[in-house]
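Below are two complexes that have subunit A in common, paired first with subunit B and then with subunit C.
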Partner chain A sequence: MTHPADTALPVSEAVALKVQYQTRQRNWRGQLSTTTVRAVDGIDLAIRSGEAVALVGESGCGKSTLGRALLRLEHVSEGAVHFAGSDLTGLGEPMLRPLRRNMQMVFQDPFSSLNPRMRIGETLAEPLLVHGLASKAEARARVAEILEIVGLDPAVATRHPHAFSGGQRQRIAIARAVIARPKFVVADEPISALDISVQAQILDLFEDLKERFALTYLFISHDLAVVRHIADRVAVMYLGRIVEEGSPESVFDNPLHPYTQALLAAVPSPDPVRERSRPAATLQGEPPSPAATISGCRFRGRCAHAMPICETSDPALATGGDGKQAVACFLHHEQSF
Partner chain B sequence: MSALSSRFLLRNSVGIIGATIILTAVAIAVFAPLIAPVTASQIDLRARLAPPFFVDGGSIKHLMGTDNLGRDIFSRLIYGSRISLAVGTAAALLGAVIGSLMGILAGYFGGKVDGVISWFVDVQLAFPFTLLAIFLLGTLGGGFYAVVIVLALATWVNYARVVRAQVLTVKVQDYVLAARAVGVGTPRTLWRYIFANSTAPIIVVASFSTAQAILTQAALSFLGVGIDPSIPSWGAMLNDGRDYLQKAWWIATFPGLAIALTVLGVNLFGDWLRDRLDPRSAR
Partner chain C sequence: MSRPLLDVKDLDVRFGPLHAVRGVSFSVAPGETLGVVGESGSGKSTTMLAVLGLHPKRQANVAADRLEFDGEDLLSKSDGQMRDLRGRRVGLIFQDPLAALNPLMTVGKQIGEVLIRHRGLDKQSARGEAVKLLERTGVPDPMRRASQFPHQFSGGMRQRVMIAIALAGRPDLLIADEPTTALDVTVQAEIVRLIRDIQQANGMGLVWITHDLALMARVADRVMVMYAGAVVEEAPVDRLYAMPRHPYTAGLLGSIARLDQPRGKRARAIAGTPPAMDQPISGCAFAPRCPVRFDKCAAAPPLVSLDEGVRAACWRLTGEQA
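Here is the complex of A and B:
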């Protein structure tokens, strides 16, 4: 999406990014065949300072891979990843390590993202100590401070992760991500493993931290209601590609891409009257495998509006509709072209 | 006894029993000259193959009887604990250090590192160990340290394989990726994340490797390489008694019991330690 008014350098940026995995298999005759899984297949995304960008899409569409690739926790097959103006694409881990204090991650499952053998205090102090940002005594004070900010008793620093519930663990994982005051945080479905009652508290914590630390973050989710609540901008991902992008209002109230429309139609309404009139599943079938080679538009197999052009060419993400959102669909390209 | 301490005893009974057996064995080894009625090598040919005191013809003079040269089994057992415990512990520890390090490197780095280390493990497992031991001890010469090194060479593969497998499951955990995301360096990741979460199988392997080392040391003494067979050790006594099993069962039985009891103690203690080191288990 192009914002002519925006001149500030994005904090994190993907440029024509592709992340692919090669799997080699032998068939029954012993012949070697290579399958390429295109988890991220040509994405341009710029996240500007202070922005909360939400990335939504089905399971397996490459959301998590994109999030990790922005932090260079994945290899880059093609394209580039920039962070605060520097190019991370070709950097090896030793070169990335000092940069990591400025970009952090919150994982989906708080039961596996904390080292069971380390005390909470050690886990939280680690970003400070590893990057030489504080002495041990200072780190202890910072740990107590951050525990209080995320709503936990500072006394828990001496305990191990097994003593905590999922919601408490996620607070600890979030505290680890923000303790070194990073410029950018990727939150990979940080609430989907939690109880419904706890989800809202964690979302409030994100809101609070965003204000307190002027955080910039990418919030990966498959829950559209959540995204609407916290995001400044929404990107909808389908099979390794962003198919629609814009403000939450424009994307949710006026979805342009048939896939976004189908996603929104699938959200149950809390109002029973509206829920009854909600159309039944509008999306048929499964998304194709990211290992399959698709010509033309990758959504056309499930799209109700597929046209002849969709079979031959691949729609690019371009401004459509009222000009406030970008969409990768020929239905809308005609209007704006 | 207060309620707290009796609960402590109950909860840690396995560890306490294991530790008691180990400490007793160590105390016997350390204070051998004070406990043993006679020295281990004192020969009394007139009292050859005397049975233990509780069997007809036995006497209080030789509590556990005598062997084919009339040496006192009880005294030899007490002195023999020195070599057996020292060799068993030292070999198991050295094997643990080498094997765990190799297993961690192979599992974590994979690729060529794994290829080379796993190749060594496979070769070691395919090669008859006794042949290797005879070759090494024949060229290096015998003695305590040579035997410990050779036994460590025998046991390190056990650790390496188990640790490698454990590391393969640990390294894909989210917390290891989280360590990378935080910016933790490789040595610290290996130590605090990978090794710290792979200790459970190491302790289990260590407890049976100790037993294996005690027995293998015996076999080596029997073959005439390694530690001088005239120095008493439980394994050597076991081998001495083999030829007399029909006539004088006590020669092999008592050292056999001593080995079994020590191994049991080590295993009980290892089990308890493994649970104790896991922060997830209740305190």
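Here is the complex of A and C:
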């Protein structure tokens, strides 16, 4: 990447990215067999500065692996991962470490992501001290400041995680992620472990931080309703691939991919009258295993619109509809070609 | 209306200093679905486990003015009698089917066990019936699947197995405790349809516990909202969503993100967190988080009937406002 002045330069980018795992199993005869799990199976995704991108999909679709691979917490099998103009693909941990302050992660479970033996103040100051960004005294001031920003009393710095509720712990985990002013944050299901009344509080916090720090983030979630209200762009994943991508308006109001349509149709709405008139679910069965070899479109086995071409060719992500979104489906490819 | 299937009055559950359920009353009629909503720690599961006699007697202190199933007093039953009741007349489905299934026993055997114990079938016919139950709960290839172990099933398929086990005793009442929470939305939709279809075919009573208000709108006939171990509101499902009476219910409904609303219309959070349950609660438990609290809330509000099957516990609704 040679144009650092270009503001459209992605902060984080996956290029034809594949992440695969080998699993070895012995059967009852003791014969060894190797299977390849294709968790991320050829993904192009660029996240630009100041953008909130939501990644949605069902469990096992590879969304968490993609998020972790963008931070190089996973090895890259094929393709490349870029961060702010530098290629992270082949870098080892010593080379990655100085970059880590600029790319942070928030995990789903705030009960396991905070060290129970460390005081909140120590946990929060650690990124600053590890990366040599502040003296101890400065770190203390920064900790007090960030606690206030995430809506906690600065006096809690002397306490341990057990003294806090799930929502408060997630505030602390978010504070730790943003205290070193990172360029990019991956939040992996950050609200799914929280109670409903608290979920909205944490979403508000993400919105607030995005404005305050011009934060760029990838928000991974299985909850489509949540994502709709906070994302600038939405990517829908199915079995290791992005099948549809676009603005929340286009993806949610005019979904093109049959999988996106089925997913949206399955989300319940808090309206009993509407629920009673809901048509029966269109999606049958379950996604194939990411270890299975699939020819053609990976969704065709569950798709109501499968055509002969879907058996032989794998649809690429291409602009479809009125040009506002990209979709990997032959139903929409003819229109744009 | 006929006699309620399940009739509970003033149920209290304590674990030492922890007062988990505080004076809960409700009933379930045959063929009806009662939805129980609440956040974690609100006492919704504890209430149902107490009804089923599943709290260890050494740890839990369960008391009630009335705890009746089909007219029989449950509090005076022995452990053995309760076990018979659970396998046969009352079915139970948990959130995590992997934890509830025996990993060392084939699925067919586990269903068969219930049939042998509670329906008196012999081994041969239990096996055939188990395959039939798997087929009925939508497990493809039930013959082969019956001889497989739980780890060979996906999450959605395991939950179908759990449902098959719960239905094996042909229960009159099914208690489903967050049966779809661990599942994806598309699988959730299928499981919901399955349970509702079976209910309509058998006319069994159904208690559906969930924290998901959107899902509740799909499954329940009547909804009971719990907060801090007590019922704060109960209403027919349409009325609850159209006109929530308790400020907590209104707050909950306002705090869920919805797909069917214009973007930009954001969910509003309820400030604060629920109270600690090992402390005595004075006055209204929701008052510290309530946007419309007033001086009267220092005293605990009673759960009063408002109109046609609507009950709520809030001083703002009793016409005694300051």
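Keep this in mind: the second predicted complex is superposed on the first by the 330 of 337 C-alpha atoms of A that agree within 3 Å, B and C clash if a C-alpha of one lies under 4 Å from a C-alpha of the other, contacts with A are read in each partner's own complex, and residues count from 1 in each chain.
Basically, a contact is a pair of C-beta atoms (placed from the backbone, for glycine too) under 8 Å apart; a residue touches a chain by one contact, two chains touch by 3 or more.
From a predicted model like this one, the values you see are computed outputs, not experimental measurements.
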Putting subunit B and subunit C on the same copy of subunit A, do they fit or clash?
fit
Considering only touches as defined above, state whether A:Leu32 meets subunit B (first), subunit C (second), both or neither.
neither
Between subunit B and subunit C, which one contacts more residues of subunit A in the superposed model?
C
Applying the touch criterion given at the start, work out whether A:Ser113 contacts subunit B, subunit C, both or neither, answering first, second, both or neither.
first
Should A:Ala137 be classified as contacting the first partner (subunit B), the second (subunit C), both, or neither?
neither
Just the number, please: smallest Cα separation between subunit B and subunit C in the overlaid arrangement, in Å.
14
Contact residues common to both interfaces of subunit A (with subunit B and with subunit C)
none
Residue ranges of subunit B in contact with subunit A within the complex:
173-175, 177-185, 188, 192-193, 196-197, 279-280
Subunit A residues touching subunit C in their complex are 58-59, 165, 167-168, 195-201, 203-204, 222-226, 228-229, 248-249, 252, 262-264, 266-275, 278, 280-281, 283-284, 286
Show me the residue ranges of subunit C that touch subunit A in the complex, using the header's touch definition.
39-40, 154-157, 184-190, 193, 211-218, 220, 237-238, 241, 251-253, 255-260, 263-271, 273-274
Under the touch definition given earlier, write down the residues of subunit A that touch subunit B in their complex.
71, 73, 93, 96-101, 104-105, 107-109, 112-118, 126-127, 130-131, 160, 162, 173, 176
